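Okay, got some structures for you below.
First chain A sits with chain B, and in the next complex the same chain sits with chain C.
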Partner chain A sequence: MSEHLLEINDLDVQFHTMDGTVHAVNGISLEIDPGETLGLVGETGAGKTTTALSILNLIQSPPGKIEHGEILFEGRNVLEMSEAELHAYRGSDVAMIFQDPMTALNPIYTVEYQIAEVIQIHEKVSKEEAIEKAREMLEFVGIPAERGCEYPHQFSGGMKQRVVIAMALACSPKLLLADEPTTALDVTIQAQVLDMMNDLKKKFNSAMLLITHDLGVVAETCDKVAIMYAGKIMEYGSLEDIFDHTAHPYTEGLFNSIPSLDEDVERLKPIRGLMPDPSHLPEGCAFNPRCPYADKLCQSAEAELQEVGPGHYCRCHHVNKGVPMYFPDEKGNELAYQHGLPVSNPGNDFLEKGQKGEKADE
Partner chain B sequence: MSEELLRVEHLKKYFDTPHGKLHAVDDVGFILNKGETLGVVGESGCGKSTLGRTVLGLLPATDGKIYFEGEDITHVKGKHRRELQKEMQIIFQDPYSSLNPRYNVFELISSPLRTFHLCHGKEELEKRVFELMDTVGLARRYAYAYPHELDGGRRQRIGVARALSVDPQFIVCDEPVSALDVSIQAQILNLLQDLQDEKKISYMFVTHDMSVVKHISNDILVMYVGSMVEKAPTKKLFSMPLHPYTKGLLSAIPVPSIHRQNKRIIMQGELTSPVNPKPGCRFASRCPYVKDKCRSEYPVYREVMPEHFVACHYAEEINYLDKDGTTSGQEQPEKKTEERDLAKV
Partner chain C sequence: MTKYVVKRLLIMIPTLLGVLLIIFAINKMIPGDPAKLALGSNFTQEAYEAKRAQMGLDKNVVIQFFDYVKGVVTHFDLGTSYDTKRPVSGMILSRIGITLKLGIWSCIVTIVIGVAIGILSAVKKYSVIDYVMTTLAIIFSAAPGFWVALMSMMVFCLKLGWFPAGGMGGWRYMVLPVLCMALSPISLVVRMTRTSMLDVINQDYIRTARAKGVAERNVIFKHAFRNALIPIITVIGAQLTMVVGGSFIIESVFSIPGIGMLLLTAINTRDYPAIQGTVLVLSFFVCIINLLTDIAYAYADPRIKSQYVGGKSRGLKRKGEKQDAKA
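The block that comes next holds the complex of A and B.
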């Protein structure tokens, strides 16, 4: 087996709070090869950002704790690094682009100073040289170098995100962690930024972990995709596997929730119910309360990630039975869950109503 | 023939700033029929939320007219305005900041009912609130929960219930699903559609998400820095956008499919400032087809094809249209040839 740039093995992160233990990440394993882009997709609270922060060993402790697992970057375990090693590792080997460019920049320093700071820390250069390089980086991301001496408030949202990207790329990191880099931007600006990130990634040959909830963005930038739900990877595979041979009901639900631009759909088919509370995960498969195909087995036993095609993994009990993953729900398996406990009379919940409505449609 | 509910003519809303007049909404007009949905799209800062608020009377209009059921309501005040508020409601974008954290769900939903004295006696009020909670799909056990105990989707349902409580004919939905996850977003969109079918409510749906607006709207109005650039029935707009901005906007949407090889038009630059805008087309600085006339003359908003309005000097040339509005030549010519032809003109 070839050496991966980054390898995460059975990572488990918990947050111990006053209200109980929050299971943010429950045993995920991932690999990223040099120059590859992996899309990490999931809804709010799926544990995407926690995963990214773990890679930098930045989980705040307390309340957070990496319970077990290992994160190998070029064979070195990030979780066992000393402070000094981490200092060198963060920013030069792995850099992060944060979601909100408005808060990621310091308002009282000029942007070139902020970029130069990163360079000075990681490379043995004088202040002047660092500023010079910072200006070069600004040119790379399409900002005129003379604007380097301006302050963040003088830039628009798209420009700020470019500055943040310039800062992340300043030391040519081998791996870029991009946490929803374009969510806060308008579509036309998003198109510009994505386009630029694709170019720069090729130029610097960086690998990237792209965290997003937008499957459209994934389709345009990623090589591989991991779908995350309740701290677990539900489906993992190449772009073609996920988009054309969708195996997991949750992935299917995500696709059905997006109004299509090409087809006319009268009603959307949303995933019923809500994301489970990560401090009270349901028993069995984490997705079973919302899954249209769930049966007794799903409620009692957790599914394992199994290979459904070359390099295509799926965590579902019913994926390998040869029949389409459809199980008629005449058994009355329509149990609603609230905080992991079955609710005996869910009659009033709209979600159940929606479910019934859809059956009428079929 | 559908019945007209709301008509807006030449509506303007300017704000005074230290640097001059900010043209938030500039000469916007549209007609909304009963039971239909008008989608208003544009990027942040294009004045779409201001348009919604001005139509509702939450902001006084600088100029122009607003007719509701044939009556001019632009400058209505006092008791009459209050009556109107019962007919026109709004659902806000952010379900986190639009609900008073000190009120529980019951109080939140019942407060419009109390304000307008729509229920007499405690029992009637209770019955009505629970009815509303059923309608929007909030379990009754949440009646005495506070907003911070609920997630975004449930909070947005409270917002919907509040807007519905007074039985309005018209609701402005100001980005009601932008703050929500896709699966929850789909639930709320379905709810809004069901309510429209049931009660014949008209929506003005303000959003920046093109796929959402396509799903829910009958007509779409595209705004750019305060002005209307294009308006057409949804299908026409998506099958044949006429304005260069709309073209760019549609091609910029990331499509969740790996087979669609859409030719991306990446628009350079960013929105121009709406403060004291220069004469000429506001999109001129980013437009790939820009010519001298665009920089000096404000384009007239006109009907280029039946029901298809656009504000662009060169809509015909760009889209190969004949005078009578039919396409000539190929359906979708390559961009390069377009540019070459334009150079000849």
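The block that comes next holds the complex of A and C.
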């Protein structure tokens, strides 16, 4: 059990707001081993950031509440730690890189002070030593140490992100939570930051939870991948499992929506529809209103996470039943009908049209 | 920074001259003749002319103004009071101590109580304490100062007999005037501190601080409060000028012989030199408070400080920040 660095079991987080209860995270389970990188992929609103904040026990309450579940870090339950234990745990065992570097730094303190603060809290050093180490960290992430006495507003976005990364790595955490660390940056800087994070991760031998919606980033950095949708893990497995043996229609949809250089298409193939409102999740499988393969079963019963290969899990009724998983391009559509896949989803106008067309042919 | 302060001090000179011009003009426009008031009901035309000449009122208005300004600028002579026949500067000096004492104490009370309650309300938002405090703050910011002064006098002096109703003496004489003067500013500061703190507490960098393992007390005071300071300083600065300007209400209700009382008596007796002198001194204090407010901004926010210092540091010329500094 406790060989994992981090183990999340059946975590459930809800936000109780005036407009109703938002089911942000619905019973997810994850493990991360030392030195490993897990990619957490999903659309905006899938509950990725909420999961990361839960690991730090930083869900704002009210309105947020961790309903049940446990988060074990080296065997200790984070959700049952005392205030003092939490202060010692945050920043030193687990550190977080936040999504938006523009707002993640305190505007009234110098950057070296903000890095030194975390060192001073967790290591028994004097203020001068902490500042000294903060400057070393700045050099690590490629910022000249003498710029440490400047304020965040004097830095560009990419440099602020480096500062945030330096701050997260300052106490060599065992686990790094990187919440879309490259989303706010432009592409050239993205590659630099990713390279740097990979290097630093190796140097400090940290494990990492990389939250992103960019599958390219995942391919470059992760060992394992968890695909998240509406607060649930849809597919979970090694990088090869997810990329080469895709099992879940949602994952398939994500891959299909990436533009390809080889094919000359006029339009991209996005997943139709929108992420469901987390305060009114659909009945049955959360993905059913958008899924091209959805049938009556999908609308009524929730799918369980099933093992489809060693260490490869998928939450879908149709997986393991020999139903071919093709996304509805012309060919896939035909195949789906040949296998007699029932189409009963009223929102699925694309397939309905196909059905009518087929009937007319008959 | 020093350069900025010197510049601001120099700008005060035309401001104060402007104030003098306006108050001089108003004095000349309001009805009432100080010479007639000084002579009483029975006087001859010759006596009246002589009095006007003695007071310097027979000269052209423009010349009168420049004579007065010359006196102020060259040897800080604020003229001689028509009423008491004593130099105005001496009268002001003998009374300013009391007004300053009153003002400074009410500032301290305003800042300490206002900020403390504001932070408490923000940290314990939507609790009973928060609701009670914000309701009280709204009531007291709506209640006029003289009414609060009279009511507290009735309760604490006449009914309970805890404090004297007026005059000057030991600390017991100061309690009610200071509290009455501070009450309305406190309620504004409470509301501003609460709003500003709540705004800051939801910022991403507060979450960053928590994720670093910073203890909650330090999150509130080191990370949140210092960022919430700008709007709080603005309100405190504005309220302090009100304290200086509004002291005459409290002074007259509690019969405190301060500069506000001097101004009131001077207006009633058309004592032009005394009016001009007091207004000049009061505007000087308002200017100083404004300057202190702006300096406090610089210490609260490095982004504003870099504005004051000028283009010496890097990356300072950003749009939008100038407005911040002025706001």
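Definition applied: the second predicted complex is superposed on the first by the 320 of 362 C-alpha atoms of A that agree within 3 Å, B and C clash if a C-alpha of one lies under 4 Å from a C-alpha of the other, contacts with A are read in each partner's own complex, and residues count from 1 in each chain.
Assume contacts are C-beta pairs under 8 Å (C-beta built on N, C-alpha and C of every residue); 3 or more make two chains touch, one makes a residue touch a chain.
This one's a predicted model, so the numbers in the text were calculated from it and none came from an experiment.
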Item to complete: Sticking to the clash and touch definitions up top, decide whether chain B and chain C on chain A clash or fit.
Response: fit
Worksheet item: With the two structures laid over each other on chain A, which partner does A:287 touch: chain B (first), chain C (second), both, or neither?
Response: neither
Worksheet entry | Comparison of chain B and chain C by chain A residues contacted | B
Item to complete: Considering only the touch criterion stated at the top, classify A:113 as touching first (chain B), second (chain C), both, or neither.
Response: neither
Fill in: Contacts of A:140 with chain B and chain C, given as first, second, both or neither
neither
Discussion item. Contacts for A:236 in the overlay, against chain B (first) and chain C (second): which applies, first, second, both or neither?
Written reply: neither
Discussion item. A:88 in the overlay: touching chain B, chain C, both, or neither? Say first, second, both or neither.
Written reply: second
Discussion item. Per the contact definition in the header, classify A:158: touching chain B only (first), chain C only (second), both, or neither.
Written reply: first
Discussion item. Applying the document's definition of touch, where does A:274 land relative to chain B and chain C: first, second, both, or neither?
Written reply: first
Discussion item. By the touch definition at the top of the document, which applies to A:259: first (chain B), second (chain C), both, or neither?
Written reply: first
Worksheet, complete the sentence: Minimum Cα separation between chain B and chain C after superposition, in Å, equals 7
Worksheet item: Touching chain B in the complex: which residues of chain A?
Response: 43-44, 156-159, 186-192, 194-195, 213-220, 239-240, 243-244, 253-262, 264-265, 267-272, 274-275, 346, 348-351, 353-354, 357
Response to the item:
In the complex, chain B touches chain A at residues 43-44, 133-134, 136-140, 151-154, 157, 181-187, 189-191, 193-194, 208, 210-212, 214-216, 235, 238, 248-249, 251-258, 260, 264, 266-268, 270
Worksheet, complete the sentence: Within their complex, chain C touches chain A through residues 203-205, 207-216, 223, 226-227, 300-303, 306, 313-316, 318
Worksheet entry | Touch list for chain A against partner chain C, complex | 56, 58, 83, 86-92, 95-96, 98, 100, 103-108, 110, 117-118, 121-122, 150-151, 153-155, 164, 167
